[in-house]
Amino acid sequence: MIKKVLVANRGEIAIRIMRSCREMGIRTIGVFSEADRSSMHVRYADEAYFIGPSPSVDSYLKIEKIIEVAKTSGADAIHPGYGFLSENANFSARCQEEGIIFIGPDAHAINTMGDKITARKTMIAAGVPVVPGTTEPIKDLKKAVEVIREIGLPVMIKASAGGGGKGMRLVKEESQILDAVSSARSEAKAAFGDDAVYIEKYIDSPHHIEFQILGDKHGHVVHLFERECSVQRRHQKVVEETPSPIITSKVRAEMGEAAVAAAKAVNYHGAGTIEFIVDDNLNYYFLEMNTRLQVEHPVTERVVGVDLVKQQINISNGFELAFKQEDLKQHGHAIEVRIYAEDSDNNFMPSPGIIKHITEPLGLGVRHDGYVYEGYEIPIYYDPMISKLIVWGETRSEAIARMKRALYNYKITGVKTSIPYLSRILEVPAFVEGRYNTHFIEENQQYLMPRKNCDGQCEDVAIITAFFDYITKLEKIQPQAITKELGNNWKDFGRKRSILRL
Amino acid sequence: MIKKVLVANRGEIAIRIMRSCREMGIRTIGVFSEADRSSMHVRYADEAYFIGPSPSVDSYLKIEKIIEVAKTSGADAIHPGYGFLSENANFSARCQEEGIIFIGPDAHAINTMGDKITARKTMIAAGVPVVPGTTEPIKDLKKAVEVIREIGLPVMIKASAGGGGKGMRLVKEESQILDAVSSARSEAKAAFGDDAVYIEKYIDSPHHIEFQILGDKHGHVVHLFERECSVQRRHQKVVEETPSPIITSKVRAEMGEAAVAAAKAVNYHGAGTIEFIVDDNLNYYFLEMNTRLQVEHPVTERVVGVDLVKQQINISNGFELAFKQEDLKQHGHAIEVRIYAEDSDNNFMPSPGIIKHITEPLGLGVRHDGYVYEGYEIPIYYDPMISKLIVWGETRSEAIARMKRALYNYKITGVKTSIPYLSRILEVPAFVEGRYNTHFIEENQQYLMPRKNCDGQCEDVAIITAFFDYITKLEKIQPQAITKELGNNWKDFGRKRSILRL
Amino acid sequence: MSYELKINDRIANIELLSRDGNIIQVMLDKKLYELDILEVERGVYSILLDNNSFNVELVEGKNAKTYTVNTLYESFEVEVIDAESKYLKNRKKDEGEDQNVIASPMPGKVVKVLVKEGDKVKAGETVVVVSAMKMESEYKVKQDRVIKKLLVKVGDTVSSDQPMVIIE
Amino acid sequence: MSYELKINDRIANIELLSRDGNIIQVMLDKKLYELDILEVERGVYSILLDNNSFNVELVEGKNAKTYTVNTLYESFEVEVIDAESKYLKNRKKDEGEDQNVIASPMPGKVVKVLVKEGDKVKAGETVVVVSAMKMESEYKVKQDRVIKKLLVKVGDTVSSDQPMVIIE
């Protein structure tokens, strides 16, 4: 039985893990870099150990240092969270060597799923749909045309040796095929000295839909349904929800089975996520597997009613899963947004700094996973995520209304945040109607620009408040300066205005 | 359609109501007394109106003033919250007269249920079980003995004119009957000049279990299952949970039906609560009906997945209930604790004052409904409740563990709170095992006393911290005073100690 | 320089031996402690002692020398004792155990004043009733006394520790 | 006495006419406002104007005269203009539009310095690259310039608005 867990992470996820440990009566060990002495996870942990300089390569990524702390502190398990060492097969293996439980999959599963080509082959073998395309480079024109006809248009031609868009061609029409293959090959030849190409089905309006799975060490695997993660900016998820607004229960069941098959193909144990790319006709294809807890795991926890971190720990303890597939149901709707310390209206520039004031949204249906506090300085070294806001509603529209209410009441000053940007996303018609794909952000720029939401009165109130604060400060320095001015009160303000105007 | 709601309340419930209004796109009007200008509900509302001096009798209970504000502000409905005017039939009637929707039942339902005798008679007529006993005063000995035989032992004999325990007798044995009736009557005669007595079944180890009901204006009534509220101190609920740890699904169904029948008996519309007293054998008896939202409504919201305030507003709008009894299910387990500004270890003395610092518990399964903020002064005029913490877990034991975790991380300084006391309740074996009745607090005093939870080290850390803060302050006043002392550093501390000791 | 701090009945002797950034060494009643101490929020300290993480909250009391210190489960009243406090303590002792002032331990509103100036009251008799948050508290004399001066009247709002009645 | 406050491109003229507790009357650009204003938390004001409830957060800028003001949906930069600010403003104008200092608008770490002192750089050329929170930002010159002085080197941590390069 695990009694002491070292959490090899920082920020909100470290605290989220420690919370579940505390509920299970497990002692927690935190680790921290130079920049993180005042970080909340150090304060939340039962014990905390310094592990090195601020850059993560010198601290949170130092495998040997973390193993050493685990041994010194007597931790019997390590939870890697997400990011940092969470998908590092060497780390998983090193833990095993040292007799420390790695709360996550073994090195074999991480390695297999970590390499795109191997993962693709493994999935094909397991009967999990992958994006149709060639698995070997194609070196001649005739073969290429044959393959394209087989896959069906549209397709993407990619230089085998390539990168940076060189030798890439999107083919949408029959008539373009020959030209496109020829020009892609000669461009590839010129750029990389190799004219071999890959051909892949092009998904026109892709949806990113992923399935949460849990597998124990006894061969049982279940899925906990999907998460819709198509609202992305530069491949970074911004808003996640479950259930997906586009999926049908038939497709859900099929994809769930595929996800379980994918996990079983690598004898997976622990919590993991199978990412699919889904087209408008709900054709779905395996994209990749994340062999760890995801940032967006709370929407699943809320709708399915399962604490995923507790499940991870139970699995690591060697317990069998306490539920079967048919025991799991989705109840209502959950949405998560990620709050970043960034200036969303100024090219999303990062905004580290000191939190001056924070008001957290609370009440019915709101979960808040964060780590900052008043006076805390968000360091420059790590991810700009401040917190995650997760809401639940009986229906999707109630969940959206609740998220708007929660964001309305979420105030952070001192650093710029993405809160106003997120509020705008929730108002975009395509989002409200649940019709969106991964092009959502670029296609809806006009809705996402900063807007003036208040009339002139709001600006006047801003001026008056600043003015009032300023004269109150002045008064503290020169008492009576202000009140003296008011000696004759407001009745004769006309006279004063004409005399005293600068 | 209701577009603007005046919330005739303050504190956490005012904000909780405003949150649901905001989610529904309804504008909110707050009202405030002198003491409440800085209260959070004034800040949260869209509009706020001053209604009078601090004592609630001069402000929150001023019917005409509140009606006036509703008319001035153009509110089309008033939500009374709980307490204050929420069970005031005159207020409900006045609203109706003025064409303002009272979000709650009509005066008839409030009056019928507000009077214990009428309520009892109405319930008997509706076939709802009430505590067996006499409905009319008994004036002769023979009749009294007859009635006792009919009801069955144990019974409580109460002076008809009485109060203060005078003329009360608990009868547990057959042999005591005659003596008890005679002495109760003569004591009653001596004390009140009237020897008439009532006889009521005595419930030995009573459980307080209540059912949430919702009724629309079309005659539909459903129940949203029970809440177990037996953890009480001086008839004040301290901890509430759902499902009740003692109830069976058969009894739940029966009590639910009785609750619906009780509501129908007064043509009830809105949200209401039927309180039952339940004995160890799960015999249940109608106690009273609360014709309003209850403090503990969130546990029901969490487990049944329904926003009760939204339902109240929909009902007031004249909508039919969107669900039938068979659509409602209980998922998992929820517990609520009430955090009071009081010194629980010092005779529960109220502790108003300024909130110096607050850290709210967050994360998975935790709902927090509060209203205080840093720098806020809790006024002396109102209820000492600061906030409610509601947790959900898959199971009762997970919910208890989660509540312990949440309380562990809930810090308020500046005022004393009941947080430590609540933490102790969660550790009491009878509570953990779910075997408790309304005598819980008095029977478990030994578990509820303040305890030393930390060894000497903890005390030493407290001393060192205070010391460090003190010398840091000194240093700010006399810079270098401290560092100078440290000039020769710690190596020669022995010498310094002997020289400098005062 | 060493200081004396009072916590419950214990008088602790404490001295700062060294300080290097957050790391301090102190000698507390002949026990050496080395710890990492950092004020993370106003009045909230994060402490690492032998890698154990403590969160300690300080609330200043009536003056800069008194603190309420909250650790995880317990709350302590701590007082720094210097020459001035010692003097005040000694003076206090001379005046005997009972105080000659009845003060309100909580803020509230005076709802009843049951005595007049000059009244003789018996031990245990209630003098003033204060109400706060719907609860009434009675203030009694501990021994037979004479009411010297009434400082409050019905309807007055009193703050914590405000003197209400002077007795002799 | 009236004050001038700058908000975006607007210069607002404002004067306090009266004050009674929280209630103030101000004349703002010839419009009379009466409102109830109260600082409820440090830097957070609750305002009631015609019974509408506003929550306004103030964060002081570089000096006591500049504020970032957050209302419900919008954020404003407000500056109190007095004689001193006016003088500074006028001086700045004389120096032309482009600045002769390249400063970092965000805290971060210098990861690349692409020039040496004395280098001639062309408009649009990147001079310094600063990294924060896994994101790199490039700082360029807006017109042809000469690098006069480098104030930072690779590995330096810079704070917000810290000058990094002086150009001429």
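A few points about this structure:
The letters A, B, C and D name the chains in turn, as written, and every chain counts its residues from 1.
By our rule, a contact is a pair of C-beta atoms (placed from the backbone, for glycine too) under 8 Å apart; a residue touches a chain by one contact, two chains touch by 3 or more.
Since we're looking at a predicted model, the values are computed, not measured.
Repeating the A-C interface, with the same residue numbers in over half of the contact pairs, is the pair B-D out of B-D, B-C or A-D. The chain pair with the larger count of C-beta pairs in contact, out of B-D and B-C, is B-C. For the pair chain B and chain D, the distance between C-alpha centroids works out to 49 Å.
For the pair chain A and chain D, the distance between C-alpha centroids works out to 32 Å.
Computed from the mean C-alpha positions, the centre of chain C lies at a distance of 46 Å from the centre of chain D.
Counting partner chains per residue, chain B shows two or more touched chains at residues 44, 373-374, 408. Residue positions of chain C touching 2 or more other chains, listed in rising order: 41-42, 55. Contact residues of chain B toward chain C in the complex are 341-342, 348-353, 356-357, 380-384, 408, 411, 413-414, 420, 423, 451-454, 457-473, 482-483, 485-486, 489-490, 493, 496-497, 500-502. Note for the complex: chain D touches chain B at residues 22, 36, 38, 40-42, 46, 48, 51-53, 55. Across the complex, chain A meets chain C through its residues 30, 37-38, 42-49, 73, 373-376. By the touch criterion given at the top, residues 1-5, 7, 10, 12-19, 24-28, 31, 33, 35, 37, 39, 41-45, 47, 49, 54-59, 64-65, 67-74, 76, 78, 80, 83, 105-109, 131-135, 137, 157, 160 of chain D touch chain A in their complex. Looking at the complex, you find that chain A touches chain B at residues 15-16, 19-20, 22-25, 44, 298, 301, 305-307, 331-332, 359-360, 362-370, 373-374, 394, 398, 401-402, 404-405, 408-409.
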